[in-house]
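The following pair of complexes shares a single chain, subunit A, combined with subunit B in the former and subunit C in the latter.
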Partner chain A sequence: MSTGAAGFLERYDSVLNALPGDSALRAAAADAFRTVGLPGGTRGRPIEAWKYTSLRALAETKFHRDAAPRHEAETILANLPLLDAPRIVFVDGVLRADLSVMLAPSVMPGAGPASTPSSAFSVARFADQADFGTLTWPDREPMVALNTMLAEDGAILHVPAGHDAGIVQLISIATSDADFHPRHTIRLGENARLALVEIAAGQGAYLLNTVAEIHVADGAALTHVRLQNEAAMAFHVSTTYADVQAGGTYDSFTLNIGARLCRTEVHAQLSGAGAAAHLNAAQLLVGSQHGDFTSVVSHTAPNCQSRQTVKNVLAGRSRGVFQGRIEVARGAQKTDGYQMNQALLLSPHAEIDTKPELEIFADDVKCSHGATVGELDADQMFYLRSRGVPEAEARAILVRAFLTEALDAVTDETIRAWLENAVAGWWEKLAA
Partner chain B sequence: MAADTETLDTVQSVTQSGYKWGFETDIEMDIAPKGLNEDIIRLISSRKQEPEWMLAWRLKAFAAWQAMQEPQWARVEHPPIDYQELHYYAAPKKKSDGPKSLDEVDPALLAMYEKLGIPLKERAILAGVDPDSVENRQVAVDAVFDSVSVATTFQETLRKAGVIFCPISEAIREYPDLVQQYLGTVVPVGDNFFAALNSAVFTDGSFVFIPRGVRCPMELSTYFRINTRNTGQFERTLIIAEERSYVSYLEGCTAPQRDENQLHAAVVELVAMDDAQIKYSTVQNWYPGDAEGKGGIYNFVTKRGACRGARSKISWTQVETGSAITWKYPSCVLQGEDSVGEFYSVAVTNSHQQADTGTKMIHVGRGSRSTIVSKGISAGKSNNTYRGLVRMLPGAANARNYTQCDSLLIGDQCGAHTVPYIESRNPTAKVEHEATTSKIAEDQLFYCRQRGLSEEDAVGLIVNGFCKDVLKELPMEFAVEAQKLLAVSLEGSVG
Partner chain C sequence: MLEIRGLAAAINEKPILKGIDLTVPDGEVHAIMGPNGSGKSTLGYVLSGREDYAVTAGSATFNGIDLLDMEPEARAAAGLFLAFQAPIELPGVNNANFLRTALNAIRRSRGESELDAVQFLKLARAEAKRLAMPDDMLKRNVNVGFSGGEKKRNEVLQMALLRPKLAILDETDSGLDIDALKIVADGVNALRGPEFSALVITHHQRLLDHLVPNRVHVLLNGQIVRSGGPELAKELEKRGYGDLIAEAA
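Let's look at the complex of A and B:
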């Protein structure tokens, strides 16, 4: 089997009859993918949205579709920093009911003890009722086209109107050198609430290419926290589309620590008056890791607010990328958009590329962005050192302070403490 | 006091008449046939009596251009340009062997420049400044009409100081070694589509050489005028500042009011050696097209300066009010240690104008510094984009950049966009970028209106305040002109 785009297309041709859902949609996605190819691959024109991230290494990697798992999913799961809350577990892109817990038996036959069988939310499988939703742009985003072509499983999570589902964990574990294309849909009814915590981890040289479509109805609030701690040789690509209706809130935080190459792309559309989106992120990279956080916030309704704080801490030969666009459509008056991205270069070989963009077609708006790039402040280092703090510790303090602003945006204390732990773990590994 | 009243009157007259530079001058022209091919390039080269190497250089550029595609990445839209439908050479017909002095210049031409307020008579100075109040505010002017330089003033005075300021076609003949040494070293022939086109067909422009240790005794200025129908204007400017020298250079431009679009694709190259300083100011006022977006100049310009020497400095200041489309990114390559690059820009778009403009600061040298201040104002149905790049290369230790981009929207049918690229590969380099977008604050307007200013005047005042950081970088003559232009450009955008 070929590698790269050709390999994926061959696979599609061989499995297309067995795939669930709308086959015409998949065929259209395959056509789009055939035209564009993998960004940075040998075919096609350079794509502006992928200016700083090339998937050439991905295109050259051979993924073994039917490889036997080389690692124990249970062991990997046991080592994850799990919260005491319901969880939906995917292993190699397929839902594993036996590892998922605390879900109502009706929605998850054979699942673990249903200690909190609640009607606060329901889960269905994409494999059973493929839901491609309406938010994605497979003709525009090549990796979404690839997902649309090959998606086999995923979670369809629904929180009915007026319900608070608390925390739900969505976990992805990879155990073999294959490629996975999970497809998730999350729907919050009017005034519903949910804190969705996603964890991605695994072992091996695999590709996880997730697409999630999120619908936040009027007055609903979704907190979406993600911890990406994939294997060192893995590729992680995740594209999220969120549509937020009037008075709704999409509040997301992404922490990228793992993977050889990671691209997190978020498209948030504020389509009802008074909606809000917070897209915060931190990337901590070492070695020759490449981490790309790309976001597009579209204000299409008046009186909406968006906030973004993105921090990159780059050590070794790592390369961080931030691209963030705020779009304000004609008529989206009284928009309030703010975006801040900062990068800290801890090594002479690290690189940061950032592109914050404003695209504005309404006049009564307040939009701004800021960007800074530099190393640790010498004065602050001196201050700590002169008070007897050892150098390594002083650096740790300053880096943690640098990240605080982004982490502070996470309001749930349990989740914030959990994230801070992950950051501390990363720092210890770096210092060691 | 009298001068103030006069200025006010001028502003008034200008404001009421819209684009007042839109007249056409009837002058007998020598025009090459339409179309672009090697023969046309040979014709241009022979008309200019160029040496063989220059023709070879042009043909190389033409070959490169043929293999290139028009860039698509800018936020501008226009119908495809038919490059074969243009005249690539148009010059006023010479009476004999060409004017030896200003007295021999065609009076019709002199009258036109008079009408534009550009003094081609020596001793005269630009409008808006009281001659007695400022000592030695003399400006040497090189006037470029369609494709050729028609007059260069103060050549004698400059020669005494050792400064060379002449049309580039003359420099190619008179100082071939200098031109050959520097031409195309900052903007190579195949740099981009429009630069390649320019390299193949440029007909004139200015050449400036400031020798070691010389501070140019007066401001140098080039005034560009497109007159003939269906011509493209392709001028080439090359400025070389040797060690410890200084020059301030001004550039202005206008064109007649026409229904069809005209192409202007210029290239400007600056070279600054150790401790040299070049200050380059532009007031760009090409015909922007009418209120419905018909006509106007396509301004596709490549401007780049190389700070080759240690502590060298290149400063770009631009006020962009004209053109149907502006595609222009005056840049600095900061090679020298502790070299400095600056970019100050005001871009105003109204009606259906489109501007995609900004800068590139490429930091190569240790301790290099750059400042970018960009003010974009969009009104009417226009689109105004700032597009910029700040790149810190691994060797740019302790380099520094500060960028501020502010956009002002007037009306709800226009667009303002900011697209900065920041790339850093050196941890000791510091980059700071800020951008804001807003409209004119109601309280500021109210404050002015309450004190009896009309809404239009109030907007003019606030816009001038918004642009102050950039306008103060302009030489005085230009600052006055620029303020007037801002008022004219925004006319009809309020209420």
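Let's look at the complex of A and C:
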């Protein structure tokens, strides 16, 4: 089997008859992917949206789709920082009901009971009822085209109007050197609430290429927290489309720690008056890791608010990328948009690339953006050390302080504490 | 306690200290006075291990151990404390967490057990009360949004909690009103004893009324040009440094 775009297209040709859902949509995605290729790959065309992130290494990696799992999913799962809440577990891109913990056995046969009962949501499988939604543009996003072409499974999570589903965990575990393309759909009915906690982890040299489509109806609120802690040799690409209706909130926080290359791309559309989107993130990178957080916020209705605080802590020869675009449509008056990207460089060899873009077609708006790059403050380090705090601990305190503004935006205390543990764990690994 | 011999130091290759000799015996409080730019703060920084100062000659020993070879945190663990002239702000760092981290780091190095949050807060609240600090100063970020006087009191609070053997107070009195000055002096006096010494850097006689020194030294252009008893401070207050500067020239 070939590597790169050709390899993925060959696979598509061999499995297309077995794939669920709209075959015409898949064929269109395959055409788009054939034309565009992998960004940075030898046959790929240069794409502005991928200016700072090249997938050449991915294009040169051989993925063995039919390889037997080399690692135990159960062991990896047991080592994850799980919350005491329902969980939907995917292993190598396929739903594993036996590892999932749910309340509604009729929805997911074989899943265990949850310790915190919840009947406020339902889950279906993409494999059973392929739902490609309406929010994606595979012709503009090659990795979304690739996902649309090859997606086999995913979760279709629905919270009916007026229900509060509490916390639900969506977990991806990779156990073999293959490529996975999960396709998730999250729908919140009017005034519904959900805290979706995603964890991505695994072992091996794999590709996880997720697409999620999120619909937040009037007055609904989705908290979306993600911990990306993939294997050191893994590629992680995740594209999220969120559509937020009037008075609804999409409040997200992404913590990128793992993978050799990670691209988190979020498209948030504020399409009803008074909608809000918070796209906060922290990237903690070491060695030669590459982490890219790219966002597009479209204000298409009046009186909407968007907030983005993205913090990068970069050690070794790591490279962080932040691209943030705020689009304000003609009728989106009283838009309030804010974007801040900050980088803390812990090494002279680390690098950050920042590209903010504002595209404003309304005349009564408030939009601002800013970016800072710095090192640890020598005065602050000396102050802490002069109080007896060892150097490594002093650094950890200042890095944690740097992340505070982004982490404090996570209002759920359980989830914030959980994220802080992940940050502390990252730091301990770095110091070791 | 502290023995300084021929100490010379430079920053960016510019000599600041030019051969300091100073001995602070156990249990004594010594004052360092002198005009701006004479090297007073530099002496405090060099003794506590700030990295941007290069020691070019001389020695400093603390209870017989070579101070200049040690990392700043090791000096703190050995019992040295510097109250900063301009305390550093730490946005995003809670003051109580900062104080507990520092105290537990020092306690670990002394082989003592660490204090948990409850034990620590009890202790910190008691000390804060003695310094007439409002409780909410423990909840705020370190020195962020503190007034000048609050910052200085926060330094004295750290000293009270860490219980150093040698405290260097770098103009801890500047920016304080009379009441605050007395509280700070009382904070230092409370620690006085045969195993505590202090080096008090100040511009004013005022602090020394409340914190009576055993010796007063005048630092001028990187050297100690005169030493004497507490009466020297009174004399300087009256006559200024003019005569000494003329003598040195």
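Assume the second predicted complex is superposed on the first by the 426 of 432 C-alpha atoms of A that agree within 3 Å, B and C clash if a C-alpha of one lies under 4 Å from a C-alpha of the other, contacts with A are read in each partner's own complex, and residues count from 1 in each chain.
The criterion applied here is as follows: contacts are C-beta pairs under 8 Å (C-beta built on N, C-alpha and C of every residue); 3 or more make two chains touch, one makes a residue touch a chain.
Predicted model, so just to flag it, every value in this text is computed and none were measured.
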item	value
Partner chain(s) touched by A:47 [first = subunit B, second = subunit C, both, neither]	neither
Partner chain in contact with A:400 - subunit B first, subunit C second, else both or neither	second
First (subunit B), second (subunit C), both or neither touched by A:382	second
Touched partner set for A:367, first subunit B, second subunit C, both or neither	first
First, second, both or neither for A:94, with subunit B first and subunit C second	neither
Subunit B versus subunit C as contact partner of A:354, first or second or both or neither	first
Residue contacts on subunit A - larger count, subunit B or subunit C	B
Footprint overlap on subunit A, comparing subunit B with subunit C	none
For the subunit C and subunit A complex, residues of the former touching the latter	48-52, 71-73, 75-77, 81-82, 84, 87-88, 90-93, 98, 101-102, 105-106, 109, 158, 162
Subunit B residues touching subunit A - in the complex, by the definition given at the top	73, 392, 394, 407, 409-439
Complex contacts: residues of subunit A adjacent to subunit C	378-380, 382-391, 393-394, 397-398, 400-405
Touching residues on subunit A, where the partner in the complex is subunit B	48, 330-331, 333, 343, 345-348, 350-375
